[in-house]
Amino acid sequence: MKTVVVRNIPRGPKDAIEALGKAGVATVHEAMGRSGLLAPYMRPIYAGAAIAGSAVTVLVAPGDNWMLHVAVEQCQAGDVLVVGVMCDNTDGMIGDLISTSLQARGVLGVVIDAGCRDVRTLTEMGFPIWSRAISARGTVKATLGNVNLPVVCAGALVNPGDAIIADDDGVVVVPRAEIAKVAELARLRTEKEDKSRPRYAAGELALDVAGMRAGLEGAGLVYVDSADDL
Amino acid sequence: MKTVVVRNIPRGPKDAIEALGKAGVATVHEAMGRSGLLAPYMRPIYAGAAIAGSAVTVLVAPGDNWMLHVAVEQCQAGDVLVVGVMCDNTDGMIGDLISTSLQARGVLGVVIDAGCRDVRTLTEMGFPIWSRAISARGTVKATLGNVNLPVVCAGALVNPGDAIIADDDGVVVVPRAEIAKVAELARLRTEKEDKSRPRYAAGELALDVAGMRAGLEGAGLVYVDSADDL
Amino acid sequence: MKTVVVRNIPRGPKDAIEALGKAGVATVHEAMGRSGLLAPYMRPIYAGAAIAGSAVTVLVAPGDNWMLHVAVEQCQAGDVLVVGVMCDNTDGMIGDLISTSLQARGVLGVVIDAGCRDVRTLTEMGFPIWSRAISARGTVKATLGNVNLPVVCAGALVNPGDAIIADDDGVVVVPRAEIAKVAELARLRTEKEDKSRPRYAAGELALDVAGMRAGLEGAGLVYVDSADDL
Amino acid sequence: MKTVVVRNIPRGPKDAIEALGKAGVATVHEAMGRSGLLAPYMRPIYAGAAIAGSAVTVLVAPGDNWMLHVAVEQCQAGDVLVVGVMCDNTDGMIGDLISTSLQARGVLGVVIDAGCRDVRTLTEMGFPIWSRAISARGTVKATLGNVNLPVVCAGALVNPGDAIIADDDGVVVVPRAEIAKVAELARLRTEKEDKSRPRYAAGELALDVAGMRAGLEGAGLVYVDSADDL
Amino acid sequence: MKTVVVRNIPRGPKDAIEALGKAGVATVHEAMGRSGLLAPYMRPIYAGAAIAGSAVTVLVAPGDNWMLHVAVEQCQAGDVLVVGVMCDNTDGMIGDLISTSLQARGVLGVVIDAGCRDVRTLTEMGFPIWSRAISARGTVKATLGNVNLPVVCAGALVNPGDAIIADDDGVVVVPRAEIAKVAELARLRTEKEDKSRPRYAAGELALDVAGMRAGLEGAGLVYVDSADDL
Amino acid sequence: MKTVVVRNIPRGPKDAIEALGKAGVATVHEAMGRSGLLAPYMRPIYAGAAIAGSAVTVLVAPGDNWMLHVAVEQCQAGDVLVVGVMCDNTDGMIGDLISTSLQARGVLGVVIDAGCRDVRTLTEMGFPIWSRAISARGTVKATLGNVNLPVVCAGALVNPGDAIIADDDGVVVVPRAEIAKVAELARLRTEKEDKSRPRYAAGELALDVAGMRAGLEGAGLVYVDSADDL
C-alpha cells in the first residue's frame, strides 16, 4: 500500500456534475448502463439530503481517522470526501469538528464506508454524510493510508475526480471522463420519464406503453381466470 | 415453478379489513395467536405510513421486475401488492413510475422482499412501501415468475386475497378466511388495552393488574434487599 | 443463572448524570478513554431523543417479557431500564403498555438488546427506546431471568446503578464509581472542543491546530504533486 | 395459529424420492424450473451427508423445543423432520437425545431453521442435520406450535408429505404431487449432463456446445484484442 | 478504560475443570441453568477440537494485536486465552507465531472475538482457536488495552480465572466460584442422559419417558387424524 | 458499463507467482504493506486448497452466469477466474460443468463473489473455489457483463493479469507490476519468521524478541500484582 498524498487532481465539468445531481442517483445509475452504485448499506444520516460533487478519495485504517485530517487539506469547494477503509469497520471516524473544517472549505458532504457520529449536530449544520453506520466509537491516529489514489468504497471503485451523486436512494460514482456524456443521457432519460409519468397517472399500463405483452407471451406466460384453472 | 397469472381472486370483507388497519399490526398479530408477521427487516420508507388491504401476490426473479408490470394490471382499489423474490436480493425493483401506475388504480401500498428506489418522490406522493432495503440498483426484464399464486414474502406465506396490515411496527398477513374473526378478536383486545392503559398511567403494576406474582413465586423467583444478600 | 430480584441498588449523583447527558454520548465515551459504548446496532426509535439516567438492569429469555414486568416495580424516577437477552432475539418485548407504566414512575427511557413495538404511540408519548429492532412479534411469560444483577447488553457490561447516556449517536454506560470523574472530564473536553470549533469554522486545519504534520512525516507520509509522480 | 397435530399424512412414492436423492439438490432444483430451494444459510453439520425423504413438518417457538418431542411420535422410517420457527432464532433446539429417538424410528435426518448441538456425537451417529447455526444454547418447553401443517422453513413453503432432498449443496423441497414428474425430469437432466461432461473435459466450450455465440453477439457483446482498443 | 496488566490471578480447581471438559459445552451450559454461552458465531478452526482451562483475559483495539503479546507472558500451562475487542472486528489478530509462544507455555487454545489466520499451520500444530472469522488481515501495534480485567467476549462476561470450555458446539464460561458445583451438576446430568439414551435408542418417546403428555394437553394441544379434520 | 471482452491480457512472471503461492496469503498480504485482501467472507469449499495464478476477470449480473461461459474461453493454464457481481448475490453461478471446462484448460481455481454448487463433485475433482456462499440456486443467461476489465471482487480491485493467491486463510490480489517485488519481500518475511519460530517454540517472548517493552511502557501500560491493587 502506498502511503502517499496526491495534491493535484483533475475534476470534472461543474455544469454537468450539477446536472447529474438534478437527475438523481437512480437516473444516473440507469444512464450509465446500470453501473456505479455503492452498496445499499450506505445511508444518509438525514432524509432529503442530496449532493453532487467531485471525489477526493482517502483510504484509512479501521478505527483510525488520522488520514481524514490529511484529506481535509486536499479538499476544495464542490468536493465530496470519499472514505474507503482497509476492512469492515463501523467506528465513528468523522464527527462535527472535521465536518466543520470540511464545510468551511465548501465541501458538500462525505461518503464513508464506516461510521459517523454527532449526527444531531451534523443535521443542524446541514452537512450530510452517507455512512454504513452511526457510531460514537472514537478513533486513534496511528496508521497511515493514502489520499487521492483509487479507492474501493462500499464495493465500488472511486477514482479521485470522479463525480459523486448521493441522495435518499444511495450513492453513485461517475468516472470523470464520462461525466458529460452521462449527464446528457440522464437528461434524456428524465425527459422520457417525465413524458410517460402522466400516462401512468392516467391509468395506462407499462405493459402497453412499453409493449411488453408479446415478449411475455413468447417467454411462456399463461393467464388463467381463477385458481381453479391451475 | 408455474409461470402463470391468475386473473380473478377472492378478496376479504372491506369493513373487517379496515377494522384490522385501525387495530394496527401488533394487535392483529396478537389477536391471531401471535402469528402472521413478516420478518422485522421489512421497514416502511417513511414514518407514519399505515395501510390495510387485500394481497395481490407476485413472485419475481432477483434483479428482474418484469412480473411487477404484469401484476399491476391485476390490482384494483384497496389492494396491496406483495412481492416475493426467488432469492435474497436488495435491488431497487420498484420506483416512482410503477408506483404511479399502482396509485392510479387505487392500490394502497407495496410490500416487497427486495429493494425500492425514488423514495423521496414516493414520500411526496404519499405512496408507502415496506421493503428490506432502499437501493437505486436497476433491474432487467428477462425472467418470468407468477402472479396471484401463494408466495413466501419475508418468511411468511401470503395467499392472494389475504389481508395485509402494515404500519410503523411492520407487516402482518391475515388469511382471508379468518379476517372477520381476527377483526373481532382485535377489537376486543384493543378494548381491553384501552381499559388497562389508564390504570398503568395511574401507577398500577401489571404484576397486580394481571396477577403475575403467584406465578413468578411458583417458578422460583426470589427477592433480596440488596446485592450483599446474594 | 440466578433467578433473583435485587430491590435496593445504589445510584449515582444526579447532577453529574445530568452533566453527562448534556455532554452527549460521543463526548462521554471519549472522556472515559474510549470505552463503555454499546454496539452501534442499538438505534433510537425516533430522532432527537436524548436521556441520561441510572440503570435498572434486567435479563430476559428470548421472546419472553415476564421479567420486564418484574423490573418495572424496581424502577424509580430518573432511571433507565436496561434489558439484556440470553441470546440474539428481535422480538417486540416492550410496547406502549409497559412504557406507560415506566413513564408513570418517571423512568426516562429503555435500552433493550431485542425489539420493541408500538413505535408510533411511543413517539407520541415522548418515551424513547433504543433497540436492535422494531418488531411487532409478541412474547410469552414463561421463563425467569433476574433484575438488578450485572448484565451484558449489546456487548457492554452494565451494572445496576451505572449511568446510561443515550442519544442519536447511540448508548454509553458509565460505571457508577466513575460518574463524577467522567462528568468533569467530559466538561473539559466539551470546553476544549467549543474553543477549537470556531477555528475550524474559520478555515484552520487540525493538521496545524493539533500539530499532526511532524508525526505524519515521521511515519512516512509522502506528498506528490500529481498522480504522474507516483 | 392452530395448535394441532395431524396424525396421518400422505407420503410420496418411495422409488421416485430415492431417485431424487440420487439426482442431488442442484439437479432437482433445476428440474423443477429453478424453484423449491431453502435459503443457502442452511448448512449440513458434516460434509458428505445426503438424504431424500418425506417431510414431517413442525412449527416451534424460539428457544422452545416442546413440539419437537411431539413431532418425533409422528415420524416413521424414511421421513425427514422439517422444523420452522416463529422468528429468527439460533438456539440449539435439537441434540443427540432427540436424534437418537428419530434415528430409532428410521428418520433420515433433520432440516431446522434454528440451531442444533452435540454435533460431534451426531457426526459419529451418522445422523445429519441441516441447520442455520450450531449452538449449545438450551431450550425450554413452554409454548405450543403445531405438527404436520404447512410451514415456512428457511424461506420455502413445506407441506407435510413433500419430498425433501438435502446434500452438500443445501436443501430443496418437492411438492408431493410433483415428485414422480420431477424425478423423471431430473433423470433426463442428469443423462444430458453426463453426455456433455466428457465434451467439456475434452476442451469443448459451452459457447459452442450450447450455441451461445449468436445470442451474445445479438445482445451487443463486443470483443477487442487488448485493453488498448477500449 | 484502564490500561493495566494484572499479573496474578486466581484459578479454579484443575480436576473440576477437567471434568467440565469431559461433560462438554452443551451439558455444562445446561448444568449452569442455561447460562454462560458465548454467541454461536464463535466457531473452531477445525472439527473435533475440545479444551477446558482457566481464562486469561485480554482486551484489544480493532486491528491491533499489541496487547496479545503482553497477554502471552501472563499465561501458564492449562490456561485459555480469551480475547475481547473494543468493537466488531474480523482482522486476523493471531496466527502461528503467537500460537507457538502460547503452546510453548502450555496454553490449551484461544477464544477470540475477532479473526485468526495461518489456520492450516495451526491445525497441523493441534492448537485450536475459536474465532468469529478466519482472516489474513494483519494488525498494527499501536493502542493499549488491558490484561486480566473482566472482558466481554462474544456477548458473555469473562473474568480472569473463570473456566472456559470449548468444543464443536461452541464456548461456555463458568465463573470461578461455581466450577466445582457446576462440574458436579454436569456429572449428574451426564449420568441421567446416559441412562435415558438406551431407552430412546430402543424406541421409547420423551413424551412418555419425561411425562409430557398431560402438560401438552393442558396447554391446549389437539390431535386430529388427518388434515381433512382441521 | 462496457459490455466487452478483452482477448489478450498481460500476465505476471510464473516463477514469482509460484513463489507467492508458497509464501501463502497471510505472508503475501503483509509483504504488500497489509493490502490486497478480499473480504473474509470468501471461503474455500474444502480445507487445504491452495493456489496461485493469474487473474482472468469477469463481471456478471446477479443470478446470471452467461458471461462465465464467455470468460472460460479467455482462460489458459495457470489462470484463476475472478468473478465480480453487480450486486450482493449468493446464487450458485458455477458448478461442476463449467469447472470441468476450466480444469480442462488448466485453470487452477475460481474466486467468485457469489455462490457455487456441486461442491462434492468439485471436491472430488480437486478443483477449488473460494466463494461467499454455497447455493444450489440456478441461474439464467440473459444479461451481458464484461471480461478482462478491472473488477471489484469482495471489496478488492482486481485487474486482469494480477496475481491471485488463495488458501485456507482467504484470498489476496497482487498487482501485476508488483509481483516480483512482493515475491521477494514475502521470501524475506518467511525467512525471518522461520528464524524466530524456534525461539518462540523455546519459550522466548515477542515482548523481548521484538523489543516491545519500552514502547508499551511509554504508551502508559501499568503492571499490578493483583486485582486488589487496581
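Chains here go by letter, A, B, C, D, E and F, matching the order in which they are written, and residues are numbered from 1 within each.
Operating definition for what follows: a residue touches a chain if its C-beta (ideal position, glycine included) is under 8 Å from a C-beta of that chain, and two chains touch if they have at least 3 such contacts.
These numbers come from a predicted model, not from an experiment.
*Asks:* Check every other chain and keep only those touching both subunit C and subunit D; list them.
*Replies:* Both subunit C and subunit D are touched by B, E, going by the contact rule given at the top.
*Asks:* Looking only at residue numbers at the subunit A/subunit F interface, is the share used by both copies over half or under half? Answer same or different.
*Replies:* same
*Asks:* Which chain pair shares more contacting C-beta pairs: B-F, or D-E?
*Replies:* Here the pair linked by more C-beta pairs in contact is D-E.
*Asks:* If you average the Cα atoms of subunit B and of subunit C to get two centres, how far apart are those centres in Å?
*Replies:* It comes to 30 Å between the two C-alpha centres.
*Asks:* Centroid of subunit B to centroid of subunit E, CA atoms only: how many Å?
*Replies:* 39
*Asks:* Could you check subunit C for residues that touch two or more other chains and list them?
*Replies:* Those would be 3, 34, 37, 86-88, 90, 135, 137.
*Asks:* Provide the full list of chain pairs in touch.
*Replies:* Chain pairs that touch: A-B, A-C, A-E, A-F, B-C, B-D, B-F, C-D, C-E, D-E, D-F, E-F.
*Asks:* So in the complex, which bits of subunit C are touching subunit A?
*Replies:* So the residues of subunit C in touch with subunit A come to 24-26, 29-30, 34, 37, 40, 43, 47-48, 50, 167-170, 172, 193, 196-197, 200-207, 210, 212, 215-216, 219-227, 229-230.
*Asks:* For subunit C, which residues count as touching subunit B in their complex?
*Replies:* By the definition above, subunit C touches subunit B via 2-9, 46, 66, 69-70, 72-73, 90, 92, 95-98, 100-101, 103-105, 115, 117-120, 123, 133-138, 141, 144, 148-149, 160.
*Asks:* Under the stated contact criterion, what part of subunit E meets subunit A in this complex?
*Replies:* By the definition above, subunit E touches subunit A via 61-64, 86-91, 135, 137, 140, 142-143.
*Asks:* Mind pulling up the subunit F residues that touch subunit A in the complex?
*Replies:* 1, 3, 32-35, 37, 39, 86-88, 150, 152, 155-157
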